Every structure is written in structure tokens, then in C-alpha cells.
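Supplied in C-alpha cells, the structure appears directly below.
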């Protein structure tokens, strides 16, 4: 039985708290949010204690593990505090928007050697996980190319956009991690972004559509397309091309009903609308993976370094987009990278 | 909060008990099985009381409702006992194999006017339910024809076959109910059965494959095909043809992965293996529907009469199969029907 | 080079004539139709001679083979005349509506031992033919069940219906032949028909929808559904269930375009509208098969006896529909059959 | 009736000659190839005259139009010669590998104002053409992104690779034209290439896999992926994302058969193997478009300038690949472009 506190009771935090509450190997001890209302509502709904502060939650000896779902800027201090308190840590992505702070965080927590997992939920999606297992089992031989389509149904509010770190850091970071999980280390990044959906996003200094190409150390090429708008829902697809064939992961729907009508046939349902619906099973499996790691004292995956690497790719994509050059990750030292990026 | 006892802790009973235990509107009070081991295991796993007898379980004033998942032959006496005790009743299909006993049961419980629901779980499958709602909403106009494909992955043991009442009563009864839910009352049944899978099933006096045609009072025609073997899994499909088009419900798979290889393309996963996997959501939705009916004192559907009508269709199919004639349901009185059948 | 005359320049005859004209192994010598306009138009379009009469066309020593696409009632005399003239014969289905006349025809031509092929075009559809080859190669083991869906986009004029011989003889006869091509001889037929589309068809003494079950000598069961109306086009599908799996032949579309929109996804084109479009390749392959048979002096398939057997099944279905009994084909002698049917 | 000569009797030339020979609006007058055997075989097979030289073929007053399917290096002189002779010109892609020569060719033929069409056959594929018409009709609103997957089944011989001009000029040039046909003028190109299939291709100075991103003047982004190997056949797919939805063009197969087996379901045929099979209808429609243009004295599309623009994109991609920069097409003047490229 792993005992948890959940920090952050926004949409994602509440979902995680509910998943923890119904997990048979978990005891949810407390929840915290700086907003009284959110914290109280979550605590009451799940019948758990509301912690008075993150410090109190993290110093509780009855707590083994913390799930961090607070705003991004607080991730690093909370990770450090939790590591000091000896807690296992499951932190929502991204670790931080500033790679310098992530590197410092890494150094500060190194001595405590905490169990840390970063919430790249898509790795745990049953379809993507099955596809990856089949790739690893050699069904299509060596991986040569990957196409990742990842499109949100509608843009978030501009207020969110402004604090998001930009499309590459907020949205495509999931796809960078997915790419790494399929082809390993990336050595080159080439990115083109555009404002195609909402001029306001452009005025806020961000883009709302992008196409990125990655080159892996293995030689494989990866394409990622993102858009902040997708009329037909939350488009989440994957194509992995190997020497022996292609494995494809398609979108998902609530039912298998097909309509065959006079002017169109084989019409399926809309696809699942957004991440809460699409990745329901993935979020639950993510929790289970982390709980198992805590129970067995093993390293969960994706770990801190995966969070760091995804951030480096987001940085590289942002640089490529703004400079019109492809960015070589293998030629940049840590410091050089930092100065070169943002 | 509806308080339940579960009678029968076999595979189906355990599944229902677990669904009840996790339903937020339900308190599972007790479980019973004539086999100590099954009853104890279920009681312990769910942390509920093991009732000493059905009588004790049903006389418990803390119990509002009973889920009956015992062997078919005990359904009628347990329904009567539960009705007398004033409990709401959710009984697994079929009510009984003998229509005479079902009619007597109906008469005996009439005075108590109990809430009774029969466990035709497929009505609650999200895909089939969505298809039916779209049919009812008029998307394809008047229903003209229906094709129901319903095939088990492998035959049950011969010991099960011998007590099952035969393919029409044990297996196709679900499809008869599905047909009724789509086209209403049936007036004519024509059935051809065969032994194609296992000669032992034939020696046991049963068939293992059948094709049946129904004619509805509305005029619609319905085809049902059943087989006790299906190499690719638990085939559960539906096609509904109307004047404006066709709605189709396809099989379901664990993932959306497709393999494109040198000698074959677009290959999907095996379909979900059997009813526990395929109808997970349906069983949960069935419980919810019943709980709502109990809470709101409304009639759940499918009710006792639906169980009776499905049995009449199974009887008619068996008669048609053995006589080589189509059987007209609208021309037979209650008594005539009884003597004519079995 | 096989030299042809084409008798009948209606829709089907013109199509065959055009296919013959472009076949590299064929010389189209002449065409005939009792309607001057049709005959002239076809002769001019293809640059061939217009025969003055069937007798003239069939007595032409420069003609090796005849394609008969005249009204059904003329098939038997033309087959006999062609056989006497020593021509190879490709005759549109059905041979005749009256099995007695077909049996007489068989006897009359027996002495000439002509090459005769009946135009069950669907056997030559590349999809159905590939499916059948895979079944024959054992991919799914022994065939246990077959489901044939065959639905016309819209009913023909009532004038056509009145002379058609009825749905079983005019429309389902194709499916009877398809069933035989997949499972071999049929021993039992059970049919339910209905008037669901146009009451005028009922007033004309015919039905416009039917569901039929066949039992093969092999034990296999076959379901056929027909409708004279299908809102989404010319529905032509096949499912063959064997001990090792199922092979399915789906509908066909002009393009592979899919639309993914806000309220529906993966929408495909309408299916190919009617037989001329759907079976374009089949009609061409049918000609090729016949030409090869003529060139190599081998028996083409489907032959005269296949036309006879399909007619026997149509008769049996009509009898079953009108009597409410299943009809056993293996228990009826030739004469008995004739009196029993119609 | 348009009278043609065909120059070049290799695989593509023979196919075009056969298509011309069977086109009802075409008279194929002569064919030429520098190889006697190829020329004779084609001339005999189609029953046409073998021209003694290109000069003779092009000076023939009985010839209205020329189809040029000779090696790329001869395209420019033959176009010029044909223009001088007043013939309409249908030239296989690419016009030339050297943009300077293409610009000179343009200037030299300008005075003759010939009808010129470049053989980007994919524009005439019924599926791609239907998709484009639907995009133009506004079904998905403004086009925001496009994903083009275009993968050959197997690499050509190294001898071919060496003279091909490289993957961007030989293979992806089709996709550049497809991109332009969907989103109009391109302003920026970013390319990553790799040697993933055959090291020999790398030693020959070429790549065998590439991912390219284009930015259109409209703002739209386009991704193209190419590979010289595709285990499952000739992968030719298109996804067009607009503000209202997505239109997708899938691969094509010979039949619609699906296999449902114990370990995999819904398996389709291999996709059509290579361009001759996949684009049969496209090549025929291309001829028809050109013939109509000649008959009606209208400009065929794609024209000379489309050939030029596709070449500019191939040049830009090659530059981007070798420099690691994205190449801006709108900032380079004609001369600058030439010096900057290659």
C-alpha cells in the first residue's frame, strides 16, 4: 500500500486524485491546493484530508509518495522539497520551462536519489504501449521513420497560452517524449511553426501550428505535426515505419457504430474529444506503473532525465523555428545549449 | 443508496458482485452461494457478509434488492421468494427453460408487483445502445431488416451443454431479446440448426450452429446466426437496415493498432475474447439502470415480460428447427403454445 | 480469335457487345435486336454488322459463339437453335423461369453437346473470386456458415417486376449461384419474404424483401438477405465463416477518400451504384473465361447445370415462402419437384 | 482526333503508347526509341509506324502532338524541337534536372507558345483528384496542414540512382507538385534526408529517405515523407487538414477481402504494388486531359511552369538538406536562386 498526497487540485490534479483513490494498492492521505474551494471540493469528494500547505503535506510521515499537479513554475521547488522529505515523486510534465532550472534541480536532488517519474501519460496508453511493444519485439524490424499526428480540438484561452511556454514546450513536449520512446536519442531538430488558427495566439508571441522533423542517433527520421485546432476532435495518431512494415495507431471512438447513408458510407463516431477521455486508461496505467516502482524500489519510466530530454527537444525546436536552421543536439555542450536556447 | 444481496457466486455472480461493490449508489450487504468456497472467496474479496442461506439473505430487512445469478432452475423459486419479501429483483437470463413455469411465476408474483429486471446485458452495451437510440431517432427511417451475428469463441463443456436448454434457449436467447429491442414484437420464427463444431454436442441432443429468421409485427425481417465456435473470438455484430440507410455495430478490440506488412495490410487486433471483456461496460450500465429504477420506483427494461417473450422465441425456434416449419407466434394462444412447444 | 454474335441490344446486351468488341481475342461479327433502333445504335457504335434475324445471326458460318441477352422467355429457343447451329453459347441468367422448360432444353441440346455458360457474372468479380480461391486453398478450413447480403439500390419498374418471375427467380438467383459456388450442393431451403418497399410490388404478386436460409449437403448453413431498396447503393457483401476464421468481401467505392468532420469521422464515398459499375471487371472476366473455354474446348463454369440448380433453389425458396415449410431438395425426384413447385 | 508520336519506348513510354492507342480520340501515328528492339516491339504490338529519328517523328505533318518519355537529359532539346515544329507537347517529369536549362528552354519556346503539359500523373488519380475537388469546394474550409506519404516498394538499381538527380528531383518531385496543387505557391522548404535503406545509395551520393516541411504563401504547412523502401508496397497517401475537418486519401488494394483469423482481424490485401498498377486510371485520365486541351486549344494543367516550380522545390530541398537551413523561395530572385542552389 503506497500512501499519497496530491498537490494541485485543478482539472488534472482532481483526475489523478480520483484515480489514486480507486487504486487498490494506494491510500490517498491528503490533497492540497492553494485555492480553498478546489482543495475542499476534492478532499470532500474523495473523503480525504485537506493539507494546510505543501510543507505539511510533504512532511507527513504517513505519506510515501507525492503527485505534483501544481502550476509548472512550482514543480522544481516541490520536487526538491519532496526529495528532501524522502518521498517518491510523480510530477506532471514539464519539469520546468527553463532547462537551467531543471539542471539545477537535478543536481540538488541527486544526493537524495529519489524515485522520480514524469507524467508523460501517453506512454501508458494501451494502444501506443502495444504498438511500442510490437516494435521492440521486432515485428517491423529496424525503425526507419515515424509520423506523429497530435492535434488539440481547440486552442486554450490566451491567458493559458501566455504562461504555457509556447506550443513546443506545452503541447509538442508530449510528442518529443513519444518520439524518444520509439527511436531513442534525438540528434537533430528542424521546426517550422505558424499562426493558422487564432491571430491572438500570434500576438501573444506563440504559434498554434507546427511541423517538426527529428533525426535520431539511430538514423531514424521522425515527423511531428501539431495544431491547436482540430475540427474532428483530439487527433492522436502514430505511424511507425520499419524495414519489414508499418504499425499504425489510429484514433479512438466511443462506439463501433458505422452509418451507411445515401451520400456517405462507413461513417464512424467523432473521435474521443480530449485528453481526459482519450487517455483515461493511460492515466490509470501511469499510476499503476509508478505505484509498482515505489513498491519494488525500481526506477519508473519516464524518469527525470526523460523530462529533461523532452525539454531539450522543445528548446531545440523553438530555436530552429526562430532561426530557420536545424539544431544539432549532439554538438552542443550543456552550457552552450543553454546559452543558445532562449 | 440501494442495498443488495447477490445470490450465486459463480463467474457471472462474482462479476456482478464486484460491479455492485464499486457502484457509488449501491451498498453490497451480502452474498450467497451453495458452494462454501465460492461464497467465502467473494465475501472476503469484497469485504461483505456471507449469507447463510437464500432465505436469510432475502429476509434481511437491510436488503432492498437481489441479484440472482444462481443456476437457471432456481430462478423461479428465488424470484417468487424475493417478490414475497418485497425486494427488487435483477435476475440473470433465462427466467426458466420451461415457459409453463415462467407463466406460473408471473401469476404468483403479480400480486406483489415487484420491480423485476432480466439480465439481457447486451441492451446496455454502449455501441448497441447508441445504435438503438439512433434507430429510434429516425436516422435510417423505418426498420426493414436486421442481421445479428453472434458467435462464441469456443463451445462450453458438454456438461454445461446438457443442462443448458439448448442453443436457442441458452445462447440465441440474447439475440431474440436484441431483435425485440430493435423491431418489437415477433410474429413468425423459422430456424435451421446444425452440428458443425463438435459431434459430442449433437450426441448430447443439441446443435452448435443455427440460422434463424424472424418476422416482426411491423413487417421487418431479422436474421440471426449463431455458432458455438468462432476462431477469431467473440463475434458480436449488428446490422440494421432502414429505408434511409444502414447502421452497423462492429466488433471491438483492445487497441487501434494496425499492421501493414508485406503480405497483408491494415490488420487489426483479435476481437475482445468473450462476454466478460466484451460486455464490461454493459454489465456496469445494466446495474446502473436497475439501481435508478429501484431508486425512482420505475419499471426497468428489459422486464419480466421481455424475459418471457425471449423464451417464447427460443421455444418457437426449437419447434421450427425440429418440425421444418415456420412457427407463427401470433396465431397461438397461451395454452396452445405451451402444448405445441416441447 | 473467337467470332461472336450478340443477340439482344438492351442495357446488358450493349455492355456485353462493347466488352466483346474490345477483347483482344474476340471478333464481334454481328448484333441483333428486335428493336431496330437498339440494334442499329449498337451496330454503328461498334462498327459491326446488324443481323437481320436471330436465325441469320446463328446460321452465319463466320460466327463461333453467341451471347444471348434477349428477354428470358426467348433464352430456351435461342439456346436450342444455337446448339443446333454448333455455336458456343453464353446465355444471360436465368435460363428460363420454368424448370420444366429448362429440363426439356437440356434434353434437346444434349446430343449436340454444346459449350454452354450461364451469365452468373458475380462469380467473376475479382473480390468474390479471390475470396473463393482463398476458401478453396483452406485459409479458413471447412466452411461452416455463409452470410450473403445483396440489395438493389431501388426497385425496378412494376412492368419489369410483373415479368420478372419474382424476387427469388430474378434477383436472389444470383445469390443462390454464389452460395453453390461456395458450399456446393444445397439440400434444404427455408424462405421468408415480405413487402416492405413498395405496396405496388405486393399488388403485382411479388415481394420486395426476403431472408432465406440454405443447408448444404456439406452441412454448412447459408443466409441470404435481399431487398429491392438500399438507400446507400448496391450492397453486395459476403461473409464466409470457417473453422479457422472468416473471410469477408466488403462493398466497393470509387475512391479511398475519407472525411473526418466535427460530427462524423472516417466517412467513405457512397458505394458503387449498380451492377454495371459494380461488376465492370466481373463482366469482362466472364467474357474472358468463356473465350478461353471456347478456344481450348473446355467446359466453362458456371454451366447449364449451374443455371438449372439455381433455378431449382429459386423454386424451392418460392415454395418455402408460400407454404411456411422448409423445402428439402434431396428428397424430391425431378418429377416430384416439378409438381411440388409452383 | 489528335495524332500522336511517342518518343521513348521504355516502361513508361510503352504504357503511354498503349493508352494512346486505345484512346478513342487519338490516332497513334508513330513511335521512336533509340533502341531498335524497344521501338520495334512497341510499333508492332500497337500496329503503328516506327519513326527513324526524333526529327522525322516531329517533322511529320500528320502528327499533332508528341509524348516525350525519353531520358531526362533529352527532354529540353526535344521540347524545343517539338515547339518549333508546332506540336503540342506532353513531357514526362522532370523537365530537366538543371533549372538553368529549364529557364532557357522556357525562353526558347516562348515565341512558339506551344501547348505543353508535364506528366505529373498523380494529379489525375481519381482519389487524389476527388479529394482536391472537395477541398476546392470548401468541405474542410481553409487548408492549414497537409501530410503526404509517398514511399516506393523497393529502391531502383544503383545505375538508375546515379543518373536520377537524387531523391528530391527524381522521387519527391511528384510530391512537390502534389503539394502545390493543394496549397498553391510554396515560400519555404526545410529538408532532412538520410540513408536508411541501402548504403550503396549513400555511396552513390544520394539519400534513400527524407522528410521535408514546406510553408505555403497561404500560410499552410506541408509535410512530405519519402522512402525508397516500403515493405507493404507502394504507399501513396494524403491527409489534408482544414479548419472544418480533414480529408484523407488511403491506399488501394485489388480486392475488398478482409481476413479475420485467430491472431489478427480485418486484414486487407497488400496495397497495389507500384506506379503502373496504382496509377493506371491516372495515366489514362492524364492523356484524356491533354487530348481535350489540344482539341480545345486550352492550357493543360500541370503546365511548363508547374514543372519549373516543382524543380525549384527539389533544388530548395536539396539545398536545405545539405546546409541544415530552411530555404526561403520568396526571397530569392531568379538569378540568386540559381547560384544559391547546387
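Labels for the chains are A, B, C and D, by order of writing; each one numbers its residues from 1.
To be clear about the criterion, a contact is a pair of C-beta atoms (placed from the backbone, for glycine too) under 8 Å apart; a residue touches a chain by one contact, two chains touch by 3 or more.
Note that the structure is a prediction, hence the values are computed from the model and not measured.
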Farthest chain (mean CA position) relative to chain B: D
Pair exhibiting more inter-chain C-beta contacts, A-D or A-B: A-D
Between chain D and chain B, distance of the C-alpha-averaged centres to the nearest whole Å: 59
Between chain A and chain B, centroid-to-centroid distance (C-alpha), Å: 42
Chain centre separation (chain A, chain D; CA means) in Å: 41
Of all residues in chain B, the ones touching two or more other chains: 140, 231-232, 244-246, 251, 259-262, 269
List of chain D residues in touch with chain A within their complex: 140, 144-145, 147, 149, 151, 188, 190, 192, 194-197, 209-213, 215, 219-223, 225, 227, 229-232, 235, 239, 241-246, 324-326, 328
Partner chain C, residues of chain A touching it in the complex: 231-233, 251, 253, 259-271
Footprint of chain B on chain A - complex, ascending: 22, 126-127, 130-131, 134, 139-140, 244-252, 254-262, 269
